[in-house]
Amino acid sequence: MRTAHDLELANLTKRYGDTIAVNAINHVFAPGSYVCLLGPSGCGKSSTLRMIAGHESVSEGAILLSGRDISALPPARRGTAMMFQNYALFPHLSVKDNVAFSLRMKGVDKPTRHAKAMELLELVDMAPLAERLPAQLSGGQQQRVALARALVTEPEVLLLDEPLSALDPFLRIRMRAELKRLQRELGITFLHVTHGQDEALALADEVVVMNNSVIEQAGPAREVFNTPRTEFVARFMGGHNVVTLDGQRHAVRSDAVRLASDGLPATVSAIEYQGDRVAVTAQAEGQEPIIALMSDEAFYSNDITPGQPVHLAWDAGRLHRLQA
Amino acid sequence: MRTAHDLELANLTKRYGDTIAVNAINHVFAPGSYVCLLGPSGCGKSSTLRMIAGHESVSEGAILLSGRDISALPPARRGTAMMFQNYALFPHLSVKDNVAFSLRMKGVDKPTRHAKAMELLELVDMAPLAERLPAQLSGGQQQRVALARALVTEPEVLLLDEPLSALDPFLRIRMRAELKRLQRELGITFLHVTHGQDEALALADEVVVMNNSVIEQAGPAREVFNTPRTEFVARFMGGHNVVTLDGQRHAVRSDAVRLASDGLPATVSAIEYQGDRVAVTAQAEGQEPIIALMSDEAFYSNDITPGQPVHLAWDAGRLHRLQA
Amino acid sequence: MEKRPRSFYVLSLFFALFVLFLYGPTLTIGILSFQGPEGGLTFPMRGVSLNWFHELFQQQAVGDIWGAFRRSFALGLMVMVTTVVVSVMAGLAFRKKFPGSGLLFYLTIASLVIPSILISLGVGLIFNQLGLKVHWATSGFGSQLTWTLPFGLLIMFAVFNRFDKSYEEAARDQGATAWQTIRYVVLPIIAPSLIGVALFGFTLSYDEFARTLLTAGSYNTLPLEIYGITTNVTTPVIYALGTLTTAFSLLIIGAFLLTAWVMARRRARHGSDAGKGV
Amino acid sequence: QEIKNITLRQFGTGVSNLNDVATRVKEDLGFTLEMTALDSDAVTQRAATQPDSFDIADIEYWICKKVWPTGNLQAMDTSKIANYDKIVGIFRSGKLTPESTIAQGTAPHSVGFVEGPGGTSFAKEETGWMTLIPTIYNADTLGIRPDLIGRPISSWTELLNPEFKGKASILDISSIGIMDMAMVCEAMGEITYGDKGNMTREEIDKTMAIFTEAKKNGQFRAFWKTFDESVNLMASGEVVIQSMWSPAITAVKSRGIPCVYQPLKEGYRSWGGGLGLSKSLTGMELDAAYEYINWYLSGWVGGYLMRQGYYSAVPETSKNFMSENEWGYWFEGKAATDVITSPTGDVLAQAGETRDGGSFYDRMGAVACWNAVMDENQYMVRKWNEFIAS
Amino acid sequence: MKHARETVIGWLQAAPLTLVLLGFLVAPIVTIFIVSFWQATEFSIIPAFSFENYEFLFGSPVTYKVFMATFRYAFLTWAFTLAIGFTVAYYLAFHIRSQTMQIALFLLCTIPFWTSNIIRMISWIPFLGRNGIANQTLMSWGVIDQPLEWLLYSDFSVILAFVHLYTLFMVVPIFNTMMRIDRNLLEAARDNGASGFQTLIHVIVPLTKPGIMIGTIFVLTLVMGDFITVRFMSGSQRANVGRLISNDISLLQYPSAAATAVVLLCTVLIVIGILLRFVNIRKEL
């Protein structure tokens, strides 16, 4: 589904000396979508993002946006904008001047650029604090300002590197809703790096899972969650067990595993309370630990304790064959 | 359920100048239990923990451990040990020397203290890396070393201030299982500060929710989750909606809310995919947004989109009346 | 307020004694500068007067204190500005890897540790051999830079070690050119440290003796002048000078702190949510 | 170009680089004289290595011996010096009076003349081309604190008298210090020098040995290098006997502290200073410099210097600028008839007092040696370093 | 391509520093080195190649004596400035709680440094002299009945002046390093049963080493290169290498001065070279 406004990575590679941080990846991001780049620490997410932004040189390959190769352009001429993990707000400038910064660099006169800055501050609901310095803002407020500053350049693609990781969990959930809302309102592509799968699932139209410098799987969130291509993706997305049946590896969702009167014999090894659900971990012979996720009612009506022998069962249709 | 080995806070108060960080709290922690201290940023969790550890003076009140008032003792003589958020490993000492540090301070000779240190490193599975410097360890490895160092003093109570917050989500889940295992094996009290409710629920025998310098509610994890005393606790623990019925505030679990053919009329305002479940947020008149948590199958078989009118229903028995 | 451990009081006493030790001579100078007109450089005091402050502004029997002061002040400013500019540039250079950076770094360290008199001697010899005129504003200026630049550069290392690169990336992202990034982002952020570099540069220059000794040329800088003046009968005038300099520094530091305080106050007007979970 | 736009740069030690002189030059001659005061090391330095940094060098004759060969100075045509004939004999023939014998050391006349304008080696007698125009000189001796010593002092030997252990001092300018040492050693009868101003290595070694011994025994409180150090040492009572310069004595006395410039039976160690012209001086500046020198010798400065206890190279002209009382006291060695004040107005003596050492002829007639640069200077310097380090 | 550009920019930015150092550091050192092989008479330098200066230098017992004295001054000053500097930095860094107060007290320590070193040295004299304040005070308290002679014009007064002049050069880098120590480490130490003193020895001192090294470099070079303090404060009765050089210079013995200077420079560079092996200055600042 290619359009004229795609962001395309062609054979994109990044080397730092001998380490290959990004290994010849190819991907087309649809315009106007919310994409989450997901993967464990060190898999090359930031490197990819920073190459797209122009803060890291491309070792090999190309980056195409709306058809033109932007990989040699300076960051500001690429049609991208970046929001940094720690926000990187200029500490010596007021909120308003931070947002107006790019206009000032372009030589836009003061009233015009301030008017525009205020407009964006309205958008992120920060207009009343326009005169403050970044140090006088809470984390959530700083995040909004950083967003406004990135958006003032009217980018086609907004790049966000772990934008929520500096916030406490409560705030994180609130701010992710705002990100989603903004993306929908503006209709531009958001490319959001995270290593939280819940964040990715909640936000993304498309999830791109990276591992070991390559893209392991990409697709709509639901597709990636429900049909993980590899064992790595299955484990990393969470909510899955990997079981070996007839020498084949399969993923089965934890909420599809039942404690039944017959099935795979196993022993309960751990119980984790999750509020409205309970995760029961059981060890079956020749398998890695298998988690059965059950509602609290079901769990407490059953009185299951560690050490207890149980049988694990699932509907055959819920088994998903893994490719690697 | 008081025993001889309780940790008891009596009227414990901490003031910094004019700010009251901890306001006359009273609580008895049962020995050998895993307690999570939960609450929003700035509510006084760290202050409480640090007073118990002896790193912050007590403004008023007392701390009793096994019956004796420890509030005036130096940290090392309290029978407590602390594990710091950033681990605070001594950067100039090897892993082994870090763990052996307290024994060295006591004047224990080298072979003895190294033997003991190796024993604890075995416990946390770090023996092979005993000669490394902290800077050569990953976050998770540092965490284990910090744990070993804290445990080498054989404390009755281990105090942990956000021990997992520096780890990535994947690792965080693995490490919390290890914390739980260790606590069970050692049989001592773990007092663990966090602001993640999922962490608290997964780990805690007892959850203590703080807000505004006081304890808002304390009890077994399930009790706190299922029967929040106040609106604050309901919201903070997550998974609950707060609805107003007949001028009374009630909590109702999100997984208890159904989209039905009749019930409270509302409009879908947001949809959040969570992998095996989907959270549908709906706005009903006179209510705050209400979330219905449904399995993905249920959701996708129904084709619900934002803006669509729905009816929200729950079993009356699932309503829980809030006290404040 | 937390209760203080006993060591606090012991150390406070130690610190007080240290300050007393530091100020001892300054205080001695301070007291003696109020000698009566008959008084000399040593105790006992012979009367109390402002005479020597008055004398300070008259012509002395020998030497030209104010001329030398003007020169030292001008030289101090020259050195200060140059130190700031050159250190910042070099500091920026050292953030990238460029061929020769290691060598330049060790040269800088050598410049720091080389005994001052050698610079004086060497520069004097060179100018002599090349038939150039030594002058405080040329040879003297250059010689002093070999002392202030290493300090400036070390401070810049400290500053840039703590400087978050993402500020620059953010600026580039916002369309700033390399120069605009430096001008509008890097310099303003490191400005407070530059004040430190400037003060350091000025003080080191203002007080430099050995490196100027053989390189100042016809006209003395203040330290040389003070030394030259001691070849005739000296009076408490030089103490009055010392006292005034100290008072002047106190004033500058006071003004500095006051400005910082006022600015903090002004900023605080807008309130703060820092650290709050909103 | 007008003369008042001319600026001449003069440097020297604080002893004679006086601002009052510059002020007076401006009044009398119209041009500007910029004075830079340096310590004596820096003076030698600058004269020898920085010819461009000055127009007029105010240096001592023994320094001249080192500096002249560098070619940084130009000889002066005595025919342009109005008062040349009135300059005291010491600086011309070497003899104070026709009968005087010439003392040891670098006597001023021996480095005072060269063969012609470009001459590089010193001439034996007057040639009409002078290296330095003499300006100021004196006969130096030991200064003492009579109140703290309480008995007469009459010989250089007293400097090493154990009675003054830890209370003696000499100066740490090797060329001068060695001469004081020699005076002491000779007076003690330990060494007889061929020429104190030009010692052999053995003589240097012996001299140093004696003083090193004394130093190790704690004879000296300190050595001094600048004028003002000597004043402070004496005034504060750190030292009661030391080599000293005349105005330093004056400075101690003006604080009301008794101090005597003690004539000694072995005689004085003398020195002379003069003005030299930079090689690069030409044209109007050179004319102005001559004008300045002529003015210098015309009496006002002489009077000024004499009132500090120095002597003027042309005493006759200075007399016109001094009162009868001052002339009698300073030059003729007579008892003061009225208070004697310094040029800056400090009272130095009351009526009835006489200056230490008597008249000009008594003092300058008893010179035993001049400050000198020896042939073995480099050796001496190294020995001096050794002495200081011992 | 981009790399070449970066390199050129780097060079351009480093150019001013490089030029200053070439002109006023490298060239003088080279000159001194060359001149050290020349000969001198009273009045001129003779360009000729000769080891005479070095032969004399290494042949003279004074050289060794004076170098030893220089090391002794350097060592003693280092020991005292370190002890005092460390204590002061420790107090400011760990016992003063508010940052404002830390800055204020720190500035308080820097003010005397605005007064000329010469004036500051001279002013010790009325304090330490035979009839100075110190002696008079002690005598009036009856602690002594004879003035203490060694207060002034002695090694004591030389070291005192050095300590006075240079302690701040120790305080600054140590303070800087201490401020970067994570406070949690101290709590961790206390939690592990370390007493205040044990924390100091086992945690703070090891972690402050870089600052100590940098301060050491400052103080050693300042003292080893000094020539004026020793003269002033010992009443010219003591010598260090700097004085040897300055005496030679004042008597126009440039080649001899240059030879001594070359040896001094090598000594200093070796000492500093050794110290630099223990600390990466660029990283630790």
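As written, the chain order gives the labels A, B, C, D and E, with residue 1 at the start of each chain.
Basically, a residue touches a chain if its C-beta (ideal position, glycine included) is under 8 Å from a C-beta of that chain, and two chains touch if they have at least 3 such contacts.
Just so you know, these numbers come straight off a predicted model, no measurement behind them.
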item	value
Shared chain contacts [subunit B and subunit C, defined touch]	A, E
Joint neighbours of subunit E and subunit A, given as chain labels	B, C
Chain located farthest away, centre of subunit A as origin (C-alpha)	D
Pair of chains joined by the greatest number of C-beta pairs in contact	C-E
Chain at maximum distance from subunit B, centres defined as averaged CA atoms	D
Distance from the mean Cα position of subunit D to that of subunit B, given in whole angstrom	89
Centre-to-centre distance between subunit E and subunit D (centres being mean Cα positions), rounded to whole Å	38
Centroid spacing, where centroids are CA-atom means, of subunit C and subunit D in whole angstrom	39
Contacts with two or more other chains, residues of subunit D listed in rising order	40, 42, 45, 49, 232, 236
Per-residue multi-chain contacts in subunit A, two or more chains	168, 170
Residues within subunit E bordering two or more other chains	125-126, 129, 131-132, 246, 249
Subunit C partner contacts - residues on subunit A that touch it in the complex	53-55, 74-77, 80-82, 84-86, 88-93, 101-102, 104-106, 129, 131-133, 135-141, 149-150, 153, 168, 170-171
List of subunit E residues in touch with subunit D within their complex	40-44, 56, 60-62, 65-66, 69, 125-126, 129-132, 149, 152-153, 231, 234-239, 243-244, 246-253, 256
Of subunit B, residues touching subunit A in the complex	40-41, 168-170, 177, 180, 195-198, 201-202, 221-222, 225-226, 236-239, 253-255, 270, 272-276, 293, 295-296, 300
For the subunit E and subunit B complex, residues of the former touching the latter	182, 184-185, 187-195, 198, 202-203, 206-207
For the subunit D and subunit E complex, residues of the former touching the latter	40-42, 44-45, 48-49, 65-70, 166, 169, 172, 174-175, 215, 220-225, 232-233, 236-238, 373, 377-378, 381-382, 384-386, 388-389
